[in-house]
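The first chain written gets the first letter, and so on, giving A, B, C, D, E, F, G, H, I, J, K, L, M and N; residue counts start at 1 in each chain.
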Amino acid sequence: MDSMTIIAVASIVIAGLTTGFGCMGPAFAEGRAVATALTALAQQPDASATITRTLFVGLAMIESTAIYCFVVSMILIFANPFWNFAIAQAAGK
Amino acid sequence: MDSMTIIAVASIVIAGLTTGFGCMGPAFAEGRAVATALTALAQQPDASATITRTLFVGLAMIESTAIYCFVVSMILIFANPFWNFAIAQAAGK
Amino acid sequence: MDSMTIIAVASIVIAGLTTGFGCMGPAFAEGRAVATALTALAQQPDASATITRTLFVGLAMIESTAIYCFVVSMILIFANPFWNFAIAQAAGK
Amino acid sequence: MDSMTIIAVASIVIAGLTTGFGCMGPAFAEGRAVATALTALAQQPDASATITRTLFVGLAMIESTAIYCFVVSMILIFANPFWNFAIAQAAGK
Amino acid sequence: MDSMTIIAVASIVIAGLTTGFGCMGPAFAEGRAVATALTALAQQPDASATITRTLFVGLAMIESTAIYCFVVSMILIFANPFWNFAIAQAAGK
Amino acid sequence: MDSMTIIAVASIVIAGLTTGFGCMGPAFAEGRAVATALTALAQQPDASATITRTLFVGLAMIESTAIYCFVVSMILIFANPFWNFAIAQAAGK
Amino acid sequence: MDSMTIIAVASIVIAGLTTGFGCMGPAFAEGRAVATALTALAQQPDASATITRTLFVGLAMIESTAIYCFVVSMILIFANPFWNFAIAQAAGK
Amino acid sequence: MDSMTIIAVASIVIAGLTTGFGCMGPAFAEGRAVATALTALAQQPDASATITRTLFVGLAMIESTAIYCFVVSMILIFANPFWNFAIAQAAGK
Amino acid sequence: MDSMTIIAVASIVIAGLTTGFGCMGPAFAEGRAVATALTALAQQPDASATITRTLFVGLAMIESTAIYCFVVSMILIFANPFWNFAIAQAAGK
Amino acid sequence: MDSMTIIAVASIVIAGLTTGFGCMGPAFAEGRAVATALTALAQQPDASATITRTLFVGLAMIESTAIYCFVVSMILIFANPFWNFAIAQAAGK
Amino acid sequence: MDSMTIIAVASIVIAGLTTGFGCMGPAFAEGRAVATALTALAQQPDASATITRTLFVGLAMIESTAIYCFVVSMILIFANPFWNFAIAQAAGK
Amino acid sequence: MDSMTIIAVASIVIAGLTTGFGCMGPAFAEGRAVATALTALAQQPDASATITRTLFVGLAMIESTAIYCFVVSMILIFANPFWNFAIAQAAGK
Amino acid sequence: MDSMTIIAVASIVIAGLTTGFGCMGPAFAEGRAVATALTALAQQPDASATITRTLFVGLAMIESTAIYCFVVSMILIFANPFWNFAIAQAAGK
Amino acid sequence: MDSMTIIAVASIVIAGLTTGFGCMGPAFAEGRAVATALTALAQQPDASATITRTLFVGLAMIESTAIYCFVVSMILIFANPFWNFAIAQAAGK
């Protein structure tokens, strides 16, 4: 069962790190975008419609990179082909 | 029981690190967003409705990345498929 | 008793690090938010009601990430499922 | 089965790290681009058509580097030639 | 006595590090808040009541994260469940 | 099969890291170029033709360094001379 | 005497590091607060009473985090429960 | 075949790292140059001919350092004298 | 004499590091405070009495953190309870 | 053949790193010089002859440090005295 | 003579590091203080007496932290109690 | 031949690193000097003779530190006394 | 001769590092002081006597920290008490 | 010959690192000083004599720290007392 343990541990470690570190970038970027949106709103309240729309499109785009990381983590925990292969082989043995 | 211990340790370590480091990004980003909101409020008190609304939408978006990290930690502690498989195998042995 | 020791050590180490490092982000962010609130108050004393309210909502939101970390630490020290499993197994042996 | 385990672990680790770290750069860059777009909109609301168009072309270009990373991760998880070779050899043995 | 030593060492190391590093964030944040309060007082001496009140609320909030770290350190030194379990087991042996 | 495994692992690891880290630089640089283009557009809407043209030439030049990294990764995964030599030797044995 | 040595070494190392690193944060923060106080005094000499009072309250608050670190160091050197337990056990042996 | 494997691995690793890290510098530098060119164009649209010419000469010069790195990578993968020597010796054996 | 050597080495290493690193923070902070005092003196020569007094109180406060580190170093070199215990035990043997 | 392998590996590794890292400095520096040249051209179009001449002399000087690194890499790959000595000795054996 | 060697090596290493790193902080701080003094002198030549006096008091205070480090180094090289104890024991043997 | 190999490897590694890292500082410094020269030329075209002369003297001085590093590398590759001693000893054996 | 070798190696390594790293701080600080002096001279040419005098006193003070490092290096190479003790013991044996 | 090899390797490594890293500080500092001198010349062409003189004195002072590092490297390569002692002992054996 040794090699299965190693695969399990690697999947756990990487699933955590990918989400943990991969969310820092988007979080910073969203903080920056929101902050600038607020500054822009204070400067030009009349353009609030355009600003809000551009902000939401941008946030969606940035959030997408956070979701890539979350997706990779979920694949590694719940749909890991290497783990499935190992279980299949352990079962067939 | 050795391989179970390794999986348990890896889960504990990564659950902690994912939350510990993964919360730094959102915390910084929220601090930045709140700070800019306050500056914007001081500059343009009349637009406080729009500013507050945009701030809360932004905070919710940023908080979502912190929650991804917390969710991964909780999955690793309470719904870990690798741990469940190991228990099942240990029970069936 | 070896594998129990390892789980205990990992829990101690991660409980400390998660709180120790996980509190840096919120602390910085709160410091930044408070600092900007004070600047805003000095700039626009009339808007002190709105500024104070927004500040407290923001601080609560930021504090929530610090609390996620503290919760994970407390779970690891006092409600650790891996440790409970190990004790149960050691008792049943 | 030892060498297959090593290849599996390396693929898991690198798939996670490539996406986790590779998304930080694009996230920051998109945050910066969106932030500047909002500032520009606040400064020059009349040029909003040109600004929005340039922003979206730029975001697409930046997103492409995030997608290179995601593609490499997916290749390593689901279309890894080294893993396929190892399976083929294990099956033919 | 080996596993007790390891638990003791881990508790000592982490108790120190948690306080040592965990106090850097709050210290910086408090320094920043105090610094801005002083700037604000110099700019707007008339609002000194509001500024001082907001400053003290903010300092209390920031200090709370330092106290989380100190609490974890004290729990690890004086109310460590893993250490108590180990002593109990060593006594009962 | 040991030395083949090592070559495979090294290729996987380096293919991921080269793309993962090598994309950070171009992403930042493109973010910066796009951000400045937007600022320039807001400052001088009349020169939008020249600005957009220069921007696209520059983005292409920066993207070229990201593509060098992606090319090296693809060579290492799909056209690796060291791996081919190893397969040839393993087949001829 | 081996396990006692390890506990002694860990206590020495952590006592030093906790004070050594834990004093950097407060030192920086106090430097910043004092620096701003001086700037504020130069800007608004009339408010020197309020500024000085706020400065001293703030310095006391910041100093408290340095004192937490010093207290933990002193506890580890002179009132270490793990060391006392080890001595007691060595004496009773 | 052991020493050949080591040479192959070293060549793979270094070829990737040289391109991966060596492209960060030029990418940043080109981003900076393009960004300043755009600012300059917005400031002085009349000098666009001189600016564009200087920009392209500069980009070529910066690109040259990226190409040094790419050349070293290609030499290590496809024209490596140490690898050729090893193959020659392995063939002549 | 082995365990005594380890305690001696740990004491030497930590005594040096605590002072070496622990003095960086206060040095920076004092440099900053002095620098601001000089700027303040140049701006407001009339308030030199208040500025100088506040500066010296602040320097004393900052110096106190450097002295905590120096005290810990001196305790570790000349009044180390762990070393004394080891000598006593070695003598009594 | 062992010691030859080590020399070959060291030469490969260092040849790559020297070029890879050694090109970052010159690339940044050239980016900075070109960027300032463009700013200067926009500020003072009349002095474009002097600016361009000084820029090219400066770029040549900076490029020289990149070329030192490239020269060392090429010496290590194609004219390595340690490798030649090793081949000579291996041939004469 | 083994344990004496270890103590000697630790003393040498730490004596060097303590001075080497411990002098960076004071050097930076003094550079900063001198730089500000020069700026202040250029701004307010009439206050040169006060500025110079405050500068020298400040430099003396900063130099004191460098001297703490130098003192610890000298103690470790020429008045090391652990080394003296080891020599005494070696002589008495 | 073992100890010769170690000396050869150390010489190769250090020759590369000394040039690779040692050229970063001068490259940055020259980039900075050239950049400021260009700014100065744009500000004061009349003083171009003095500026250019001072620039070239400064570049020569900075280049000298890069040349120290290159000289050390060349000494280590082509005039290494430790290597010569080793060859002499190997020949005389 | 083994323990002598270790002492010699430690002395060589630390002598180099202490000077190599310990000179960075003073170099930066002197560069900063000289740079500010030049700015001050350009701002206030009449005060050149006071500025130059203060600069030279300051440079001497900063240089003193570089000299502490150089002195420690020279002590470790030419007047090392640990090395002398080792030679004396080796001679007397 | 083993211990001689270790001393030789340590000398080579440290000689390279001391020069390689020790030249970064002076290079940066000289770049900064030259850059400020050029700015000062552009601001105040009349004071060029004083500025140039102060610059050259300052460059000489900064260069002195680079020369300390170069001197230590040369001592370690060509006048190393530890190496001479080792040769003498090897010859006398």
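A few notes on this one:
By definition in this document, contacts are C-beta pairs under 8 Å (C-beta built on N, C-alpha and C of every residue); 3 or more make two chains touch, one makes a residue touch a chain.
Which protein is which chain? UniProt says A, B, C, D, E, F, G, H, I, J, K, L, M, N = ATP synthase subunit c.
Quantities reported herein were computed from a predicted structural model and do not represent experimental measurements.
Touching subunit C (ATP synthase subunit c) and subunit E (ATP synthase subunit c) together: no chain. Graph distance from subunit E (ATP synthase subunit c) to subunit L (ATP synthase subunit c), where chains that touch are one step apart, equals 6.
Its C-alpha atoms fitted onto subunit M (ATP synthase subunit c), subunit F (ATP synthase subunit c) is found rotated by 130°, rounded in steps of 5. In this assembly, the C-alpha centroid of subunit G (ATP synthase subunit c) lies 48 Å from the C-alpha centroid of subunit J (ATP synthase subunit c).
Rounded to whole angstrom units, the spacing between the C-alpha centres of subunit H (ATP synthase subunit c) and subunit M (ATP synthase subunit c) is 38.
Taking the mean of the C-alpha atoms as each chain's centre, subunit G (ATP synthase subunit c) and subunit I (ATP synthase subunit c) sit 11 Å apart. Rounded to a whole number, the gap between the C-alpha centres of subunit B (ATP synthase subunit c) and subunit J (ATP synthase subunit c) is 44 angstrom. The residues of subunit E (ATP synthase subunit c) that reach two or more other chains are 11, 13, 15, 17, 19, 21, 24-26, 28, 30-33, 35-37, 39, 41, 43, 55, 59, 66, 73, listed in rising order.
If you sketch which chains touch which, the chains form one closed loop in which each chain touches exactly two neighbours. The touching chains form a single ring; listed from subunit E (ATP synthase subunit c) in the subunit G (ATP synthase subunit c) direction they are E, G, I, K, M, N, L, J, H, F, D, A, B, C. Taken together, the subunit I (ATP synthase subunit c) residues at the contact with subunit K (ATP synthase subunit c) in this complex read 1-2, 4-5, 8-9, 11-13, 15-17, 19-21, 23-28, 30-39, 41-43, 45, 48, 52, 55-56, 59, 63, 66, 70, 73, 77-78, 83, 87.
Listed in rising order, the residues of subunit N (ATP synthase subunit c) touching subunit M (ATP synthase subunit c) in the complex are 3, 6-7, 10-11, 13-15, 17-19, 21-22, 24-26, 28-33, 35-37, 39-41, 43-44, 46-47, 50-51, 54-55, 57-59, 61-62, 64-66, 68-69, 72-73, 75-76, 80-82, 85-86, 89.
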